[in-house]
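The following pair of complexes shares a single chain, subunit A, combined with subunit B in the former and subunit C in the latter.
Our next item is the complex of A and B:
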């Protein structure tokens, strides 16, 4: 499974009925009266994450500003300030990785959102085909990324199925170098990454579409609306809150994309698929320059922080709109 | 809801059926081919099926890797639920700056790129002398998945009516008892959904496994697969056989929980 970020429930419910909203309205008052003893339940998670998430992140920041190699990893580190970051920029690799990350995110997000919504609209109809197809898609999504990455590496190879079809249909004279050309590889891996996220997006969009009251469609049909107008004026506006949430989640998914790059191209050919997360990994675990790898990863972390703030704000705005 | 699918919808369905059906079919077909069949034309549908790839990959190493996968997936699911379930309940039932900050922190943590955690965790585990142990992978996988699990579980606890818990406390149940015998049973669908997801994710995780196990002898299936697919001169039937074997447990878990997943996954996003 390609880990999606968990969508964070907004308070109450747009269509969730009065029960949910009523509960939410009463909860704070009721619990304000008694001391918040239930904070105790947060304690195990707080301790665990402090030791295994927050402390490592502090170490990452320290590493980014120090000279750390495999040899000095477990001794004291020499503070070198911005040297690592300067090294990354001077080599030009950091800038290239940022550009590649942006291209990667744009492709993953565009395909993931468009086919997610398109798939949901096509699959919202009841029927055996829709049911089976949805199940197959969710199953593919649940498969380990190494499995999906492996089969697509096979399908996109020089003798793979895609190239066989292209040659047989005379669309190309020579096999397309999907994974072996520095111009194609990034797009190919981004396509496979979006392939792995489309089922999740379609599933969430489908649930949002099923929440639309049937009377709305009946009224539109009486007014003579065609299919396209239904999508344009009923479905798209109705799923706008879902779109907002999925958009951020898909961008984050693309931004932290790593598994398919590792499996399909390992950063290559050359450096063509070295996005920020992958470059940081290579620098630390292949070149054993943990300081340089940490400084590259810090940039990825900063990007995520920006996205998290955007996400939190969009959730709050949705609540205020209500 | 309009029950009739237009031509465009049908086209999208055909496209998606090919996009998701063909890779699945190809994994299985290729795993039953001989190396010679794949070397000639990789795309032929007609071939003499052979279980050669399975016979070659089914050995003691594979059984060991399967055991490692199971240990990691079950251990991670258990640890993640033990820590994440109370946290989700606590976040659903408290207000103020502390839970709000915690929620924000969880959102940030679940978005962290895994490469930003694998680098420092390698050092941290090294200094704790637990590299090359299954425990290190379980701990890191749990740290990766607890934020995700907690955020996904919280809405399931939010819809548990507080009146139920108050009735229990009037009857003399303490805080822990109320949580255990009132809130937990009502939110059990969420528990199953999230537990399944954690199992699937931990089963497929390979980056921590590849780096925290120092020898391939301890690798789980996902890490073996990742190691073989990035090697030169791939033995495709063997690799696909390994992929099928890695996917069979997923298929078992998936078929028994699909309805739950389909309906439970979207709770946070659309409500």
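Our next item is the complex of A and C:
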């Protein structure tokens, strides 16, 4: 058979019987054009992506290596090479922000993953209470960070609910300085940030757990497995591929953490909660040194990009395994 | 190129993950009627009294210009400057911008405001506007002020009566009174310790009382000022939680009735009247005569890409700069008129709460920002000083370390 016939057979196979019309001499050429037609449908998304993601990213990189202030933002930018990066490092603020960002990401990831899995296991069974809990979690997930952060700022205040409980239960003599101690503030904001990601993680984990055949649990029950053994030997292995994807997404979420810091501490006390995204914001939109802010933001972008590659590879591997 | 700049800023905003944007407030005015013209005013007020004042200004303008309309648009405080500059980059923007007067240079350098010199030259009441209420950058006037705002010492008279003291006139008296208030189970004082320009604004009277100015950059004097405020925290007179408070929260805390004093502004009068269920009053901050209190307030300017700059100027002269508008600001919000003739109006001079602020203007009023700071460095200096102020209140840094870091940042910003 000649070479052109092969695509016809493949396409015919997919479209369920159209191969019989492949005897038409014009058909192979029409089928060969089809992939190009498909690309046309990708065009709108590609244009949007180029205009709203790729191009601004290129501008961001340009900005990071240029002197850009409020005075020069709307004129030509003078290329200054590594000056902005050197300035950030010389001030010591960049290094401190990197350390805080790592601490923030570790807390958000650890709590987000562990409590997300815990929530999914609790919600695995179908019933009224799991349905109500699921609805509440979706509500928390959908809540705007500014609202969520403001509520938590109130709850964690000196006269807030949490401190009132701690004092009433005699667990503390004085209010816990959740948001205004340099030692507590970063952890508190990271906790709230992880609280916001738990519902998403729980929903994804729950979907993975629901894919486990009921017969597996029945067999385990016949063999005398208890709840903990079910979790350890059935559920945890079953959600391993999901865990890898979710881990990457949660770390990226942590790297992007800005909203809760903005609402709850504004980087304070002093600079105690200045992570990379917030430091970049202060430099660019408060001090109006857009070049310096861009150079700081580039660091966060690099971290996210590395994780994005890991995410893409893990997704591809997971699809290949199916 | 401006469009490219706008996209660059967009990318930067995406990196910061910032949310929110502009939203229309509940202005009494709507869109333009057929044949009428619309003036768009960007402001950052969310307090009901201040929003009511914006509506009043709109009414004054619309009464003077039948058929024309005002659209008041809310922009979050800390996004105002960047949004005006970004809009100018894409050759758009509001007709009128109402912004923090101290940040005029940032917007002007970003190309967001038109010079007002020609309009002011033709303005018959120009002599009524003191030079301190005009914002001049590089020799040109870009904004006017319809009122002046400044800080004073609010006191809870009920608490002072209970502990048997009079409102303080010296720092020693203030500290003694705060200790007595604490001993009686009350808080000493509320103020803002937020690590930004609001913190710097609130810190200025206390650090200048200790001898620091932006002219002398005396590190030991600054450390002394910081030591005083850190002692207030250690002695339990001031809550460490102040590091999370903007200027609104500490006044609400004071208005709740359990704190003896509040360092806050004249613009809180309506809030006090509405919320405080106790007798209260204001005295000048008990600082030395060589110290300073910033003379602040919003600047009002015309956007570079206003579709009708002349009408925008008419809006300013029929609202912010008009005697009726200035009296409305005094009665609705408690702001001090900027016009010399209106400042002498009996409605202003007979107000017991406004009088202490007027006294401060005459005795310790200071230019905001300090003329010593170059325009391009204002934002960096305010941020650095606000962070140092927050760090000593929160205990992140010793007064000496915070002072050293702040002085270093100020010198760097001042040298460009």
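Please note the rule applied: the second predicted complex is superposed on the first by the 283 of 322 C-alpha atoms of A that agree within 3 Å, B and C clash if a C-alpha of one lies under 4 Å from a C-alpha of the other, contacts with A are read in each partner's own complex, and residues count from 1 in each chain.
Note that in this section a contact is a pair of C-beta atoms (placed from the backbone, for glycine too) under 8 Å apart; a residue touches a chain by one contact, two chains touch by 3 or more.
Keep in mind that this is a model prediction, so the values were computed, not measured.
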Subunit A as common anchor, with subunit B and subunit C clashing or fitting: clash
Touched partner set for A:85, first subunit B, second subunit C, both or neither: neither
Partner chain(s) touched by A:164 [first = subunit B, second = subunit C, both, neither]: first
Touched partner set for A:267, first subunit B, second subunit C, both or neither: second
Partner chain(s) touched by A:97 [first = subunit B, second = subunit C, both, neither]: neither
Partner chain(s) touched by A:297 [first = subunit B, second = subunit C, both, neither]: both
Touched partner set for A:152, first subunit B, second subunit C, both or neither: first
Touched partner set for A:117, first subunit B, second subunit C, both or neither: neither
Touched partner set for A:258, first subunit B, second subunit C, both or neither: both
Subunit A: partner with more touched residues, subunit B or subunit C: B
Touched partner set for A:38, first subunit B, second subunit C, both or neither: first
Those residues of subunit A which subunit B touches in one complex and subunit C touches in the other: 52, 55-57, 59-60, 63, 68, 73-74, 144-146, 153, 157, 256, 258-259, 262, 266, 277-278, 280-281, 284-285, 290, 293-294, 297, 300-301
Sites on subunit B touched by subunit A in the complex: 1-6, 8-10, 12-13, 16-17, 19-24, 26-27, 30, 41-43, 82-84, 86-87, 89-91, 93-96, 98-99, 102-105, 107-124, 126-127, 139-140, 142-152, 154-155, 158-159, 161-162, 175, 179, 197, 200-201, 203-207, 211, 222, 225-226, 229-230, 236, 239-240, 243, 246-247, 250-251, 254, 258, 261-263, 265-271
Subunit C-facing residues of subunit A, complex: 52, 55-57, 59-60, 62-63, 68-71, 73-76, 144-146, 153, 157-158, 177, 179-182, 185, 256-259, 262, 264-272, 277-278, 280-282, 284-290, 293-294, 297, 300-301
Interface residues, subunit C side, partner subunit A - complex: 1-2, 4-5, 7-20, 78-79, 81-82, 85-86, 88-89, 106-107, 109-111, 193-196, 239-244, 376, 379-380, 383, 387-388, 390-397, 402
